[in-house]
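Read from first to last, the chains carry the letters A, B, C, D and E; within each, the first residue is number 1.
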Amino acid sequence: MIVGRSPRIRQSFQKAWSALIALFFWDLAVTIFYYISPFKAPALPLTIFGTALALVLGFRVNSAYSRWWEGRILWGAMVNVSRSFSRAVLAYLPDTPDARAMGVTLVKRHIAYVHALRCQLRREDPAPDMQRVLGEDGALPELERRNPANGVLDGSDRRLMEAVHHGWIDTIQQTRIEGMLVDMSNAQGGMERIKNTPLPAQYRAFPKYFTRLFCILLPIGLVETLGMATPVGSAVAGFMFLAVLQIGDDLVDPFGNDVHDLPLTSITTTIEGDLNQAIGLPAPPPLQPVDGVLW
Amino acid sequence: MIVGRSPRIRQSFQKAWSALIALFFWDLAVTIFYYISPFKAPALPLTIFGTALALVLGFRVNSAYSRWWEGRILWGAMVNVSRSFSRAVLAYLPDTPDARAMGVTLVKRHIAYVHALRCQLRREDPAPDMQRVLGEDGALPELERRNPANGVLDGSDRRLMEAVHHGWIDTIQQTRIEGMLVDMSNAQGGMERIKNTPLPAQYRAFPKYFTRLFCILLPIGLVETLGMATPVGSAVAGFMFLAVLQIGDDLVDPFGNDVHDLPLTSITTTIEGDLNQAIGLPAPPPLQPVDGVLW
Amino acid sequence: MIVGRSPRIRQSFQKAWSALIALFFWDLAVTIFYYISPFKAPALPLTIFGTALALVLGFRVNSAYSRWWEGRILWGAMVNVSRSFSRAVLAYLPDTPDARAMGVTLVKRHIAYVHALRCQLRREDPAPDMQRVLGEDGALPELERRNPANGVLDGSDRRLMEAVHHGWIDTIQQTRIEGMLVDMSNAQGGMERIKNTPLPAQYRAFPKYFTRLFCILLPIGLVETLGMATPVGSAVAGFMFLAVLQIGDDLVDPFGNDVHDLPLTSITTTIEGDLNQAIGLPAPPPLQPVDGVLW
Amino acid sequence: MIVGRSPRIRQSFQKAWSALIALFFWDLAVTIFYYISPFKAPALPLTIFGTALALVLGFRVNSAYSRWWEGRILWGAMVNVSRSFSRAVLAYLPDTPDARAMGVTLVKRHIAYVHALRCQLRREDPAPDMQRVLGEDGALPELERRNPANGVLDGSDRRLMEAVHHGWIDTIQQTRIEGMLVDMSNAQGGMERIKNTPLPAQYRAFPKYFTRLFCILLPIGLVETLGMATPVGSAVAGFMFLAVLQIGDDLVDPFGNDVHDLPLTSITTTIEGDLNQAIGLPAPPPLQPVDGVLW
Amino acid sequence: MIVGRSPRIRQSFQKAWSALIALFFWDLAVTIFYYISPFKAPALPLTIFGTALALVLGFRVNSAYSRWWEGRILWGAMVNVSRSFSRAVLAYLPDTPDARAMGVTLVKRHIAYVHALRCQLRREDPAPDMQRVLGEDGALPELERRNPANGVLDGSDRRLMEAVHHGWIDTIQQTRIEGMLVDMSNAQGGMERIKNTPLPAQYRAFPKYFTRLFCILLPIGLVETLGMATPVGSAVAGFMFLAVLQIGDDLVDPFGNDVHDLPLTSITTTIEGDLNQAIGLPAPPPLQPVDGVLW
């Protein structure tokens, strides 16, 4: 995620740059052909094209931004439930060494959980982070599950039941904490839904084709009235629509490893810091932006 | 559901293709008639037509996408509650053979439930999947209900009550799990609402008629200024609006058996895999896309 | 509610038909007057009119559709809570004849409740349906309440308290079921809110006046450029806006007795069927569409 | 709130009337000046003005309507929780004279609460209504609070705790009812949020200035093409935008004493009626519209 | 936050003023150049530019307003949960001096919490306010946490557990109050999400560049038809788009110290007043607007 109030122009235009150049040369070619050829350019119905294109691009960019922002909200919910979970676990469990140890284990397992979830969403191996947090051999049984993060939750719930059997908490407190595991499952499920469900194929294909077609037709329809100014006027108009298309592409899949994607590493490090402090461990330093990008 | 980042053009244009061809020939006919006949084409108020059409198409495609995405959210909620349900059932029930067996039964019944729900939404017979999961004769009483999926939930709730009578769980834990059955009911009810409530008749009829009428009038209104370029210019503009109409048609009923519909078979197989692993059974392999389409 | 994938044109155009004819004759009159009179028609700023009109019509049709869909969602919620309520009541109450009888009574009272609610929303007398479900004299005290449906809930809650006094359920189970009564109250209150709160007066008045004014001015502004084609071109454009206005009118009050309104009779019959099967009674046959309309 | 299906034209146009007249005379003056002066009117870019204006007015009217409807939803939630609260209180408290008296007191306090809340939102003195409902001296301690309505909730919660100390209800039932007090607090807080947070200053200022500027420039830009028809054509177009502006003004603050504001007196009277019937008192007659306006 | 029904023009135009002047001089320069130079100005496709710009600006201002209003809703939720928390704490804890003292401490800690949260969001030091509310040394351990506000919640939860150990409340009441701490965490997390997640870089960069580019091209495209009226006509149109851009900038970060930002000091002072009155302390006077601005 690109941070800072006035991000450098370079970053914003990075992907759009080559499109802009290609567009300009096409517009130039059309203009030159217009002046050297005997043909009259047709007065294409550009306004009607524009209306249909705005309709399609509008839906696309709206849907893409909604996905991006929902992804952020879901990770925000994960931050919230992480704090509530550690708070409840540490407050409910009595102040005996055994119970205290279980509390620390549950909090550590939750730290491993958010790292595992981040890796799963980014299609990375969750093993190294889980083993670092839990210790070399602690993470093993969950890693055999197809969905290791979900396996961590299952194991934590069984540990909560043990706490009931030890008489450390009653079933009211148990169900209360178990409800937080449900909140985690819901957030995780929402993230996986966004990750695994692309926009409908038409939403992906039509806006792209239509924008490109529009950019190709634009100089042909404008050259009659714009004349020599066609390459500039047409490139500006075409680039505006290409930029809107580009925004949709950048935001639609918020859990990847792109500069526009959500800073999952930073968020999970923040959770680890908050929870480490809650169990009295030193917090890792918060992640800093690298070249204005937070990962 | 069509997956992959750049779906093949063929799939996107599959349904739109014949419309595009018909449109082109109509535009060609109008242009030819214009050149051979003595009549002057009227300057139809195409911008005003376009404004009204964009208004109607905008609502339609927005509503259709909302239905498709809500359908996906509801199945995502079903995935979440499935995990939470199996986690809670297996954690709460004590570690005795009888209680353990009931836990496995409840989880298996839930797998049968999601398969039954999928079949009901697709108007297929739920019996084969339910019998496969539960064993030949286990699914029978629920199948006599008009809504077998709902019958499964009713039966599971009665089994939970038995667990209370056996002293395996207390009423706090019972009501907690029963609350998950309520979440399932809510998700199921939401899906049935989308399935059984078509868009209002005017939303279905007017956009279709208006778009077709617009495409018919388009070459007549454009031929005076476009001349020989009419067939191309008019077909492009008309096709853009037809494509927007098509998107609405494809998404409005997300629980069917179309390539654009939600991949219910894949989602239910994923649930079966997650839950099988939770009770120690082998998970079926996740469904793979066939020709780029996930069913 | 009109069902089926391609509703007959007649139904869609039923209300709009007379408007279309009136519109055509007005357009015809303006055109004839233009040709026989010496006046030049002014070039009215139809695009600016159209922008303002699209703004107003857009809000109106969006608000109307939201109300219609929210009404449907609320009845969907009622379906869900009906199933959950009968499931919980029948599972929680023990298997003694007295407790079983109370369970059946509670479920029957709920069937009477949804019928009463439907009648109240449609301004019909709830007495016949309630008496049919509960037996001749059972519904009497609730009918004396100004809001009989709410009276049914109050009485059911008191019966739940009796079940606690008999020791059939504990207060955890009681508050759980009572929470479902709250869900019913919330759904009912939402329906009454939509029923009793019309759109703001300006939303009702301005779109209607503006659309009619626009249709009156349209041929005057178009006749100069359209000439003989004015009656057709103007009628098509005007009709598109009138149709959008009509959609708003049809959807804004979803709990009436119009062909476009929600099929409350069908929904309540479905609830009665589901719940009858849950208590072992025969289910009434699901309501079938009459002439393509589900009531 | 103006009720009825076809509100009288007078009400809708009440505020807009003087604006329409002023607008017409300005348009007339511009037209006359155009014909008597030697200057040529500039072809102002009215379409570009209109696009920007539609953008700003669209946001404004959308936000205003959302506030109005959210206000209505919050009062609907208050109606729902009022019914649920009285139902639960009367069902949970045992049938002894002391407990019964506390139940009646709690319900009466809630009636006083909704009246106090209505008065606070309308900046009126809540004392008369509270004293009428609770009896002359009952409302005093709460009235010393800065937020008397909130004071009523605090006092009711303490009475619930007394019911626990008397052994009339257990803590499960207590927390359940206390949860309803939280729902009330949430609804009240939402109303106060809408009341105390005006739209951002720019949303209030820019649309107003821009619309007026647009109406001033409109005849100047149109007179060249419209000629003698300018006063009518320009007034119609200008009035449409002024009307959209007016809708925003009318709806933005839904808790005032205007004809367009929400009928709080009617809603609170309905709640009083429902709750009076629940405790066996006669219900006040429902409020009737006065001159088509419900207050 | 600027309050009052008709905010002074000066405030609304404060930031926009210099842009307007720069714009006017550019428009003037283009016009003068047009008249003194031999070049013909090209008929730039301003309508197409305008469509693309409206698309981009529309998304931006919508997103910005949503963030502003969500921020307000979250603080409204904090007001609600503050009242509910103090009500529940004071009602549940028994009337003994020790328990009473703990109740007062918990309420005071919550006052410190909302002040700490406000300071954290505004990047100010929370220490002074926390020490003022809790007494000189009470706030120290929480201040060592990276997120002091979260530390306050953790500490309060541990005090609740002590209340359970003393037998003052049972675990049902404990989990109920602890649930309110979760609500606080959720509101806080939502605020931090808005604070720490800027709009996507493209949403910040493209609208700004496009609007400026549009304003630069506007007089060039208009001067051919507008002539001498270009500086006025072009400045008005350009300023409208700049104003929409400005609204987005003002609202996008609602937790700063700008005149357009949310009045956090006022809201937290209101909470302090409400809660002080609940524990019998004098309430600080509500904050008054300074020069029409509430901070």
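Just so it is clear, a contact is a pair of C-beta atoms (placed from the backbone, for glycine too) under 8 Å apart; a residue touches a chain by one contact, two chains touch by 3 or more.
Listed by chain with UniProt protein names: A, B, C, D, E = Bestrophin.
Everything numeric in this text was worked out from a predicted model, so none of it was measured.
Trainee: According to the touch definition, list the chains common to the neighbour sets of chain D (Bestrophin) and chain E (Bestrophin).
Mentor: Touches both chain D (Bestrophin) and chain E (Bestrophin): nothing.
Trainee: Averaging only over C-alpha atoms, locate the centres of chain A (Bestrophin) and chain E (Bestrophin) and give their separation in whole Å.
Mentor: So the centroids are 24 Å from each other.
Trainee: Could you put a whole-Å number on the gap between the CA centroids of chain A (Bestrophin) and chain C (Bestrophin)?
Mentor: Taking the mean C-alpha position of each chain, the two centres sit 38 Å apart.
Trainee: By the touch rule stated above, which residues of chain B (Bestrophin) touch at least two different other chains?
Mentor: 47, 51, 172
Trainee: A student should be able to answer this: under the defined touch rule, what is the ring order from chain A (Bestrophin), with chain B (Bestrophin) coming next?
Mentor: Cycle of chains, anchored at chain A (Bestrophin) and oriented toward chain B (Bestrophin): A, B, C, D, E.
Trainee: Sort out for me which residues of chain A (Bestrophin) touch chain B (Bestrophin) in the complex.
Mentor: Going by the criterion above, the answer is residues 42-45, 47-49, 51-53, 55-56, 59, 63, 145-147, 150-151, 153-154, 157-158, 160-161, 171-172, 174-175, 178-179, 181-182, 185-186, 188-190, 192-193, 197-198, 200-206, 210, 213, 217.
Trainee: Chain D (Bestrophin) touches which residues of chain E (Bestrophin) in the complex?
Mentor: Those residues of chain E (Bestrophin) that touch chain D (Bestrophin) are 1-7, 9, 11-12, 46-47, 50-51, 54, 57-58, 61-62, 65, 68, 72-73, 76-77, 79-80, 83-84, 86-88, 90-92, 170, 172-173, 176, 180, 218, 222, 225-229, 233-234, 236-237, 240-241, 243-244, 246-247, 250-251, 260, 273-274, 277-278, 283, 286.
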